[in-house]
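Labels run A, B, C and D following the written order; every chain starts at residue 1.
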């Protein structure tokens, strides 16, 4: 192992996600494959590819591009991911995935859970 | 939505993982469920629980505690997770999960991939 | 360099802060020394030490423990850091630093900046 | 406060740095202003601006553009930052800052500290 290898590793960097996504995805009716797909979409976007193809996504997953297309469609239909229009600086229109609906749902879920915990505490105090 | 909610959200914080884990888990023969289980073990440990039970882990996943036990056993047998002995400050012995074997494998995989990419470049230059 | 060194490095982990703190601390009338002190308080807390002494903080900074005490006092007076009471599981009372006031101010600053940007866009559109 | 504000906040994201930079910058003879400047260079680069001007950097700091130029020059002379040549996809040459020298120094510092700690333990065991 050489120092150059370590520097390359450092350059790859990290992915940082809100902890709540990890602790609450199940409550939001997402399974582990869907969580992983979301992480891939998020990471591709961070690296500048805002509309990765199912082939690109599936290349990093243990599912086929066809299955990936189905998963993406399902996530869009259930309101976790949306497709947005953008205009490049050269005026060319393009499409991109947005995870805004996911963050919004996640925050709602977070508020709901806090509310439930409060009510639980109040019930205990009453008895 | 109130400001107190936002502060609570901020307190929950983030999970940060090396990008290479996300881009290379497939090459290391891990599937999405195993990736998620690893993320849970990692996050529990960050929050001070170094030996979460299958029941605690499964509570955040879409699998049963039994399936979680099987997954853990498989990850240990395949050398991704190990169980280590620790001694608390009060001298009590305890067990904990260690992800060291995973990080080591991940770095090996990272070096292997770099080597393959170099060879590919050299082959192209020769022709 | 050995693999064990890399594993130790990975174990040290990362510090993750909201980007807005980095881009807006100046607008909040914090200087670089105060930013660094806040980062140290934040990181000590993440590692389980919620009330580091000026000596502990100054050991990582290019200022003396006395100067550190002054900086802390100033940050508390200006409402960036507060001191909170806590009760340990054994019922022992203790004090700890809280960065909640900072996050609240930061979010206010973020909202203010967004508002100013909107007004700027509207002014341009009117002319 | 509206949900849209929170989404904007989430979009701003986080900055993630190796903890060792925070705990060891003093030992590497960096002060808090230099640490902050390094964080700004790092963050600009993450956002796609690999060669921010002293004016852009100073706009986020409590120093003037002139002082920023001096600080940058000093960091380059002391081997923390280097200037590298790049070629854009359109074949245009450009310059960019590289933090590779910093990461390399940081890792050396990390190894040195580990070595010192080991020797300290051995000395204690001998007596």
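Going forward, contacts are C-beta pairs under 8 Å (C-beta built on N, C-alpha and C of every residue); 3 or more make two chains touch, one makes a residue touch a chain.
Just so it is clear, the structure is predicted and the values come from calculations on it, not from any experiment.
Novice: A-D or B-D: which has the larger count of contacting C-beta pairs?
Specialist: Of the two interfaces, A-D and B-D, more C-beta pairs touch across A-D.
Novice: If you average the Cα atoms of subunit B and of subunit D to get two centres, how far apart are those centres in Å?
Specialist: 27
Novice: Starting from the mean Cα coordinates of subunit C and subunit D, work out the distance between those two points in Å.
Specialist: Their C-alpha centroids are separated by 17 Å.
Novice: What positions in subunit A touch 2 or more of the other chains?
Specialist: In subunit A, the residues touching two or more other chains are 1, 3, 6, 9, 13-14, 16, 18, 107.
Novice: Once you've mapped the touching chain pairs, tell me: line, ring, star, complete or other?
Specialist: complete
Novice: Could you pull out which subunit C residues touch subunit D in their complex?
Specialist: Touching subunit D: residues 1, 5, 8-9, 12-20, 22-23, 26, 31-33, 35-36, 39-40, 43, 60-63, 107, 110-111, 114 of subunit C.
Novice: Sort out for me which residues of subunit B touch subunit C in the complex.
Specialist: Those residues of subunit B that touch subunit C are 3, 6-7, 10, 13-14, 16, 18, 100, 103-104, 107.
Novice: In the complex, go through subunit A and note every residue touching subunit C.
Specialist: Checking each residue of subunit A against subunit C gives 1-3, 6, 9, 14, 16.
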